[in-house]
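Next come two complexes built around subunit A: one with subunit B, the other with subunit C.
Our next item is the complex of A and B:
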């Protein structure tokens, strides 16, 4: 065995972004005709690894990487994705890279069309050649046959079912004569189960023809079904590289989410809640990239309700939809009264507030002072911090200053004073301003979305402490959406995991890590809501 | 969006054409014009205007919208004509000279326009529109000050009495209708300018052929999705610049054909409405910002000009003022453009909504959303 030269060999790949290590000493080989299942949570480094493999410019712009990439034993250095294509590496992205108005054939041979010479070639070059549509069709059909699926070569992509788009995309990659390694990033994410099965069969067929595949997926049972070997990345390190034989979904799930250091819960006492404050039924939200399909849950008064899940599964769409920032439908009841969707103002007036994950876009008025930022929503929605002169109102500057100083104190906001501009603060302090802005309207239910994204560890703790404090001291009900399971486990009373736009299950924070991993992977667990009441 | 063609949907999608046909038919009677006159007038205008309207097609294929920057090509064509008159080159030769002399300028203008539009992706139309205004200033400076001053002019008849600058109105008698009359076919009461038609047919054939080339395919790809085209290695910016250059050169030739039929040229104003009328025509013909065909061009030219022929007379008869018809011309031209743009934006928003709904996939919520 070991004598065979691997097709691709990654050796000691390390990469950091401005000091933050995202990949450390990553090494693995891909043999010809082998299917590798690559799994890992968000931020585990999968994307960065693939970017390095493809020579994406962003890697060089951020200081390059350490380690070696070898193809057929030869070290290579790609300076652009086109070099990688030339070396025989093809990639199919999670978002389709297809032209909707073109047919299957035209997409498969895009920019590699067969051509016949025309008289104008000599004057204007090759681009004036006539397309040879017969030959293009023949080549496209060849790829489709090689893939072993049914695709109409003349159908417009815009009229295809999603599954066929995915097949078209893969057919395009294998249409390049040289393609020997395919990287598929979540190819089954948008497919129905039957389509996914067809795809997996097709991949097996490709592998049998000697094409190697790196298969990235969060659906772990598919990994086990299709891959010869599974490589698990966690926090930039390969924690497991093993043949799939005998491995269970549960094993992979626990490797994926396992942590060396678990964040300690502040209080272990199990709290009980009676009154239901927020009830969401059959919510759908059209947030691009975070589509919510059908979500129902209830939040009790005074609890911290966590919503977790992998990126792109729809967890962010939930608060954005309830607060009316993206079009949605379904039923939301606050205190038993229906809250209208698609209407941020009423949502705020009814006593809900939202700290957006898009801190700089939605959360802050970057060019304005801290006073303005903190008092802004309260001023707009509740007419606070205004002096009323009958026909007009003016801002109550001193009240705003007092308010700001109060929050600077409570949340330990590091700044030069209430008059500083929001854009001058660090990420962590900006996040605290966002929180202060939401706290200032004294909401009954506070949604916080990715509260610790992009801020350093010390600031993370302060933000979480602030949420905890407001919950315990003022009884504020908090719905916290986060990609970081650990922080959800640290402060939430219950945690719902969202998968493919639906809630896969709700677990107590003390549940085993593997249970969370299984839910994220779309493997419904037996233990869910019932576990809580027990 | 394929689906059943209901009467309601047919009306909605062809609203502009239907309104045009109704107004025109209603105006024929009060205008008092004979049908023969109207048809002859349309035959002439087809030869005069079609080339300019055809110049709009390629940028639409390349996803750059309606090329309001074609005015730049028209300016180049006018400069060519000025020199043809200056050197007293008569007939079709004069036209050929004008086209050849202005071609390098048109290519340069197209290149500049293309580069500017590449820096304003997604806002090509308004950028082209404003760019045309800006270039108008440079054109005026060139024609009004440098011609006869920095560039010696041989023909004193076209120069202002102060010794430099070109007169307000240029008499194009020496090339007047030279292309139209080169081969004039008489059928009954009608005369058909066959040579002009032939040029237009050749251009149509070129466009059909061009769509089949690699370049044409690349343009379609770029027009549909720049990011995808780029990631497959198509040089997006270069392709877009070429589309604009081709359009500008066609506009230059088109303006020469247009002016030879008119027989005189308003030196400082002839180009200002070139793009406006061409754009109105193609939109009336049923084209949109993203989609256009040869048929749209000819249907549009016939419909728009049928209206233009009958309304001044109808206005004269009904309201006692020909100006009413003139007013209608402007009003309807701009109205059509605005309406088409709004309809287009409305349709693309609907389409985006429909696609987002598709994402929800198979839930009760999707069914509910779809039923709305």
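Our next item is the complex of A and C:
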């Protein structure tokens, strides 16, 4: 193809949310009929970029963005998703936006139905027109043929397999006459291998008809298969924009995870551990959105064990299942003794503690004081901070105050005093309260889930330092679950990567980045632990 | 130093407005003229000491009901619209105590003891039901309350009570709608260390009535119950209960059985409802059966909401201030309004005032942070 005007051209797009930069100087072009593979870790800025493209209100509400969007060389500014639709951009979301009780046809032509006049029109206007079902069906079939897949136009969406729902979504987008650019966010995430292949063929066919596609996926081999060009986003910056020819999955994986500057490992001699403190065998956990299918691993006493992986693959389900917050099964041994699942109390009593990723939902009593928040678990589980009056025990407010002041000091919690309510603190300080709550029961094994999610860099460092300190000074074994690979590499002794509810492999923190990337993308089967320790 | 503004905000404007209104009501009687003819017609003039006496008495009568709401609010079960279940247990206790011919203090406390198993039983079943309908507790509770009152209306007729002071005279079976406790345990708490004052009237029977009577025993009983509740909320269980109400997920992650805590709170609430009706009856002088308990939960709820409690948080201060303001208003408003407009609308006014306050309070409820 020669030097034609790009269909879409993003120029120097920057965006920050209240000072946190999520996109910086992002520029790339999409030519007509071209398929772009957009990849990046969670939080790399893919979603924000697509939101900007669509003129989602959230972008304007948070202060707009910098840079230009051009379509056919003309600068455009969308104030709502409808403008984007009018300009010929269609999007299929990760979560389906289909009406379950409607048929394929009805969903495809929704809100653009063909109308017939009826006598009522004369009285009440256009709103009283009758649906022209024959024509609607014809149009729907047209889109289905264009997509090149087999779909029953009369089937109810609620009775379809997921793959067909995905196709219906795409058919709806291309049904608009004007659609020239299609954005597909993780279209293959819910599909089986064969369905994904059909979809990829369909996309190729669409591209051949001149429709450009931005294809967002975590499955890297699909990107290579379908995309003409791959654009890699990392921390809001485009690190690579290259034709797919000659690129391997391994290349993309290492560009994707890259090396971040913020967290640097304080290097120390490789540590050796003997005793096994926690052993998990064939664990499954039914946590919505984070299903754990079959996970087995062992943690040594005094170790910091990291669990990483992409969002939704089940890494968060592991601590939640072991601590009994979501139903699960399998075998968990602590100190060689079986720890019952689905029983938070016993798990706590046996010496395990958990800092939840859901800080405001599970981690805190927002309406209560810091004293309550920190002392509660220790009081309920270990009968600490109670004054004994013979037949009854009441709260020992002064001991609770002392405890809180102690942790305010150790963890540098910024607050007006122990009596302040938890909801008034900033995210980082709330996270420290959650840590203090867990530290207060002096657990043998501490699970921390996404300890630095949503907090600023300074607070991140303090939280990581606190974990490091408690591990080194008190020999607390820590299992840390995090989406941020760099954070895991900074403090963990071993890192397991979870993919599709299973552990894809366990690596030392010093392993090559590409190795982690491959495991995350599910491109390589598990490497056995024995091979590692050897 | 806290500024005046801070104190006002803490106390809450609604309470200040209602308090000022109450003061106004106390100031009004001297200006509400009552003519001789009306006096003869039965419209009494309002005496300030008698009004105070009334307010204290009604405060004591109702405070335990209001207190009964606290555990369920704290455990996140919301306002106990099904307090009638506790009241019914109390009525069972009271009638059984009379059936066994218990008099005086033995009658009152015997009633309490006899009511306990029913309170635990009813409260337990009610609590298990509420655990199945989390999020809809208040609606369900109201229907549980209504249904149980009507079920017991049948039972009052069928249960084999035989004591002649209680059953219908003609049939010799089935309980009367109103049973006097005059010869059993009337004013057993009120008269304990009571402080009389004001004018004394001597009835033809030779019984002295005072214009003002401070019901020391009743208020001591309320104070004791409130103290025990305060203490309970500071125990390990009480703390866990509050945490369950504040954030059930946090409590569960802390190893607390959310359902068990809620169940305990419902049982305590039901038991206090039973104690409340006994306190009420000894002061009022009658056991009222059949549909009498139907509306009782509403005035208790109105009181605690006026006191500044929300659907998820209540303190002893909310209970005491709320009961005082609500009962004060309910005592004064009808009599002042009646004597001002020269007619007897007391019951209508009472209903308008109490239901109006519930509406007001429910619209002003404080939201919990999620």
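The rule is short, and it goes like this: the second predicted complex is superposed on the first by the 507 of 534 C-alpha atoms of A that agree within 3 Å, B and C clash if a C-alpha of one lies under 4 Å from a C-alpha of the other, contacts with A are read in each partner's own complex, and residues count from 1 in each chain.
Operating definition for what follows: a contact is a pair of C-beta atoms (placed from the backbone, for glycine too) under 8 Å apart; a residue touches a chain by one contact, two chains touch by 3 or more.
A quick note: this is a predicted structure, and the numbers were derived from the prediction, not measured.
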### Query
Does subunit B (first) or subunit C (second) touch A:272, or do both, or does neither?
neither
Using the superposition on chain A described above, determine whether A:113 touches subunit B (first), subunit C (second), both, or neither.
first
(Q) Just checking: does A:383 make contact with subunit B only, subunit C only, both, or neither of them? Give me first, second, both or neither. (A) second
* To do: Answer with first, second, both or neither: which of subunit B and subunit C does A:130 touch in the superposed model?
  => first
Requested in this report: Classify the contacts of A:365 with the two partner chains as first (subunit B alone), second (subunit C alone), both, or neither.
Outcome: second
Task: First, second, both or neither for A:286, with subunit B first and subunit C second - done: first
Both subunit B and subunit C touch subunit A at residues none
Listed in rising order, the residues of subunit C that touch subunit A in the complex are 231, 234-236, 239-240, 242-243, 246-247, 249-250, 252-257, 312-313, 368-370
In the complex, subunit B touches subunit A at residues 2, 209, 212-215, 217-218, 220-221, 224-225, 227-229, 231-234, 353, 356-357, 359-361, 363-366, 368-369
As the complex stands, subunit A meets subunit B at residues 81-82, 97-102, 106, 110-111, 113, 115, 118, 126-131, 159, 282-284, 286, 288, 291, 293-294, 327, 329-330, 501
The subunit A residues in contact with subunit C across the complex are 323, 325, 344-349, 354, 356, 358, 360-368, 372, 376-377, 379-381, 383, 386, 392-395, 423
